[in-house]
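Next, two complexes with chain A in common: one pairs it with chain B, the other with chain C.
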Partner chain A sequence: MRALAIILALIPLLIPLVAPKSILFTIGLLFLFVVYVVTWDLVAGYVGEVNLGHVVFVGIGAYTSVLLTLNGLNMWLSILVGGMLSTLFGLAIGSVCLRLRGYYLALVTAILPLVFIQIVNIYPNVFGGYEGLSVGINNALHRTVEGRFYISYLFTLASLIVIYKIVNSKFGLRLKAIRDDPDLAESLGIDVFKHKVLAFVISAFFSGIAGGITAFYRLSVGVDLFGISLMLLIIISAILGGLGTYYGAIIGAVIVYVLKYMVLTSFAQSLGMAGVDDLILYALLIVLIYKLPKGIFGTFYKS
Partner chain B sequence: MLRVEGVTKRFGALVALDNVTFEVNSGRLGIIGPNGAGKTTLFNVISGFLKPDSGRIIFKGRDITKLKPSRIAEMGLIRTFQILKVFRNLTVEENVKAVCDDYREILEDVGLWEKRNVLAGNLSQGEMRLLGIALALSRNPKMLLLDEPFSGLSPVECRSLADYLRDLKVPSIIIEHKLGELFDLVERVVVLNFGRVIFEGKPSEVVENEEVVEAYVGSS
Partner chain C sequence: MLPVLIIGAIWGGILTLVASGFTLTFGVGRIFNFAHGTFFAISAYVSYILYPHLGYLSVVVGILSSAILGLMLYFMVKPIRENEIMVILLTLSLALLIEQVILLTFGEDPVSIPPIFKGSLNFFGVEVTSTKLLSFIVAIILIVLLEFTISRTRIGKEISAVSQDYESAMIVGINVERVFMLTMLISSILAGIGGVLYAQIYSVNPESILEILIVAFAIVVLGGLGSVKGSIVSAFLISYIQTAVSYFSDARWSELASLLVIIAVLIVRPKGLFGVE
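The block that comes next holds the complex of A and B.
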């Protein structure tokens, strides 16, 4: 599995040699989407806590870094600050909502995207309102699409390696133990609250940085990065691939992103019915929950 | 080592523990009593999962009443659960690995080494019970609280677990309704009824105590 993963991880380096620029651009965004999904799964799949506001981490990272850069701060530093702000926000939400058992995290995080979309619209001269803010090619990750593609690839690879190390560490094992039985874990000296918060904060940091990279990759930031549509794509991907299986989140993210942006969107356009693509994806989610609850990886790969 | 001081715990109108006081310093103490007497609740209070309405728990000279369960466990006071609890989606080996590093010896001791790669959720009831005890032991406890460790075990498993516990030098409190197994293991017995301690003494004295017999058989 690992050897296969390494070979697969190297293939994207060849894509710029064969793919046209528009496809290359989309694949670079796909990489970042993989990071959103894997970081969401770190909390949902490994800890068993559902964060319905994961896109807010992405959005905080994106808006913060763009605003700082537009005000003169170095881009990389801005992205880092964005990631740190996202982490602090995760810490605040996590310390309140993860203290108690139950659906508190899901309930609170469910409204967060709406709150942030509101804020962006209430202060349009700061956040650019519905249009969002554009970054300008001078502030891009790199002037060429190929350069940006490689940066996105490297960031994604680095994030995936770190998350892989985390889920396969003793800490990761304890997260799985907590998911299985929090009381038993607590009785054996595992501080459930601290472990959950730490996982949540790691998830917030990487998705926040991913948000910043996304903005400087596509040269714009907008409310779609806070959007419920993106949130649902993340959830569908993780469930399709298999929650808490690591590779599942990656496989699911690739399939769903390709399906959505390379197949269904053009299909919907050819029908002249916008939104049909999302409907098909939601239908897929419902079918999956019934027919393939363990996801692709969980069903077909037995460790 | 462990002192329970005047602990009272209410669930609404129900008094599950009524001014319970006792002390364990070394050796093994048995706790018996009819269903619903408050035995499990007592463990939940000692281990920090429930907070008492009044009274204190002192462990190794420290008041642990307000500590969270994981802190109490870190101090070396480890409990098991009456209902079967294992990390079901982890293998037997991973279960113990999540808690400590040298898992091999512990798994060999309880006879689960051959099953180390089996998902814990696929074990038999008896094996799950043993894994639960192995998990508690893997924390290297200073004191063990075992809640009905023999339930769900076959007679053979019962015997080997009893032998194992007898050799274990860790001070323990054992809740058990299989009185035969229990009385062979413990030096002292506390009897609970309706949340109150109605008897404390040697196992041989318990069966002669009228109030205890009445609590079990029921009086008319």
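The block that comes next holds the complex of A and C.
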């Protein structure tokens, strides 16, 4: 499995040689989407807590880094600050909601995207309102699409390796123990609350950085990064691939992203009804919950 | 100040109808229903479409459609009830699916139902339309009825038994599945009535589905998850907070207000005002 994964991980390096620029651009965004999904799955699949506001981490990272860069700070430094701010926000939310068992994290995080979208719209002078903010080519990750593609690839690869190490470490094992039986884990001396918060904060950090990189990759930041539609896309990917299976999240992200941006969006446009694509995806999620609750990876690969 | 008190009480009545059902399904079946807001919106939209053909009978059909949706949801949740994550994701995606269908069919503009009673009354210098008064009276009657059903009747005792200990309830011979189904039905009907009352006073749009859900969250967390009494008291509290926020500043902050209430409760008193757990 591991050798296969390494070979597959190297293939994207060849894509710029064959693919046209527009496709290359989309694939670079797909890589970043993989990071969103894997970091969401770190909390949902390994800790068993549902974060319905994962997009808020992405959005905080993106908006913070763009605003700082537009005010003269170095781009890489602003991306890092954006990631840190996401982490702090994750720490605050996590330490309030994860202290209690039950539905509190899902409940609180479900509200967050709507609150952030409102804030962006209430202060259009600062956040650019519905249209969002443009980054400008001078502030891009790299002037060429190929350059940005490689940066996105390297960042994604690095994040995936770190998350892989985390889920396969003793820490990762303890997370799974908490997910399967929190009482038993507690009685074995695992500090359930601390472990949950730490996993949540790691997830927030990587998705915050990914958000910043996304903004400087596509040269804009907008409310879509806080959107429920993106949130659901992340959830569908993780469920399709298989919760808590690591490779599943990656496979699911690739399939769902391609389905959404290369198939369904053009299908909806040909019908002349924007929104049909989301409708199909929501229906797909409902079908998956009944027919394939363990996901592709969980069903077909037994470790 | 007086308008805030009066409007807050009316809005509080409608919120109680929505929140008490939400907390009931959670308390009894441990079902955290993210699709609860669809009960509220579907009845309003169904009455809106049928009103030109059926007149006020359309309101009854609207409430009936909420009940049917409630039953449907009961059967959809049944096979996956043990898996908390999947229940959350199923009900959420169902809510978004219905929101999207409404959006594609009716567009994003708000719709409303013509009020049953015209005219208005004067309370200490504040004009209150008859519809608002009606909705307040209906809400109070239903709340009293719900409290009575739960505390005095046999089925109410069965509901309490299942919410306290579902396995023991099964052992003493209570048909647990019937109780689950019944609570989902009560919950959907109450929210459906809330929806048709609200659409006569104000208007609903596709976003109402999530907006009302978030208010319901704040109410049940403040009142204590699963406590019907708590949800009644905190529905009025939240209603006054919301009415005051939109009266003195901007209605756009109301979601933030709900969020802050929830976070404050979780920090200070996680089990809520009337929490049992």
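Here is the rule we go by: the second predicted complex is superposed on the first by the 303 of 303 C-alpha atoms of A that agree within 3 Å, B and C clash if a C-alpha of one lies under 4 Å from a C-alpha of the other, contacts with A are read in each partner's own complex, and residues count from 1 in each chain.
Definition applied: contacts are C-beta pairs under 8 Å (C-beta built on N, C-alpha and C of every residue); 3 or more make two chains touch, one makes a residue touch a chain.
All figures in this text were calculated on a predicted structure; none of them were measured in a lab.
Between chain B and chain C, whom does A:A44 touch in the aligned arrangement: first, second, both, or neither?
Once the two structures are laid over each other on A, A:A44 reaches chain C alone.
More residues of chain A are touched by which partner: chain B or chain C?
On the superposition, C touches more of the residues of chain A.
Quick check for you: in the superposed arrangement, does A:A177 touch first (chain B), second (chain C), both or neither?
first
Looking at A:L85 after the superposition, I want to know if it touches chain B, chain C, both of them or none. Which is it: first, second, both, neither?
neither
Let me test your reading of the model: by the given contact rule, A:D191 touches which partner, first (chain B), second (chain C), both or neither?
first
After superposition on the shared chain, which partner residues are touched by A:Y103: those of chain B (first), chain C (second), both, or neither?
The second partner, chain C, only.
Look at A:L279 in the shared chain and tell me whether it touches chain B only, chain C only, both, or neither; answer first, second, both or neither.
second
Of all the chain A residues, which ones make contact with chain B and with chain C?
No residue of chain A touches both chain B and chain C.
Where on chain A does chain B make contact in their complex?
It is residues 170, 173-174, 176-177, 179-181, 183-192 of chain A that touch chain B.
How about chain A: which of its residues touch chain C in the complex?
Per the touch definition, chain A meets chain C at residues 44, 48, 50, 52, 96-97, 99-100, 102-104, 106-108, 110-112, 114-115, 118-119, 121-122, 228, 232, 235, 239, 243, 273, 275-276, 278-279, 282-283, 285-286, 289-290, 293.
If you look only at chain B, which of its residues touch chain A in the complex?
47, 49, 68-71, 73-74, 78-81, 85-90, 94-95, 97-99, 135-136, 138-139
What residues on chain C touch chain A, complex-wise?
32, 34, 79-80, 83-86, 88-90, 92-94, 96-97, 100-101, 103-104, 210, 214, 217, 221, 225, 250, 252-253, 255-256, 258-259, 262-263, 266-267, 270
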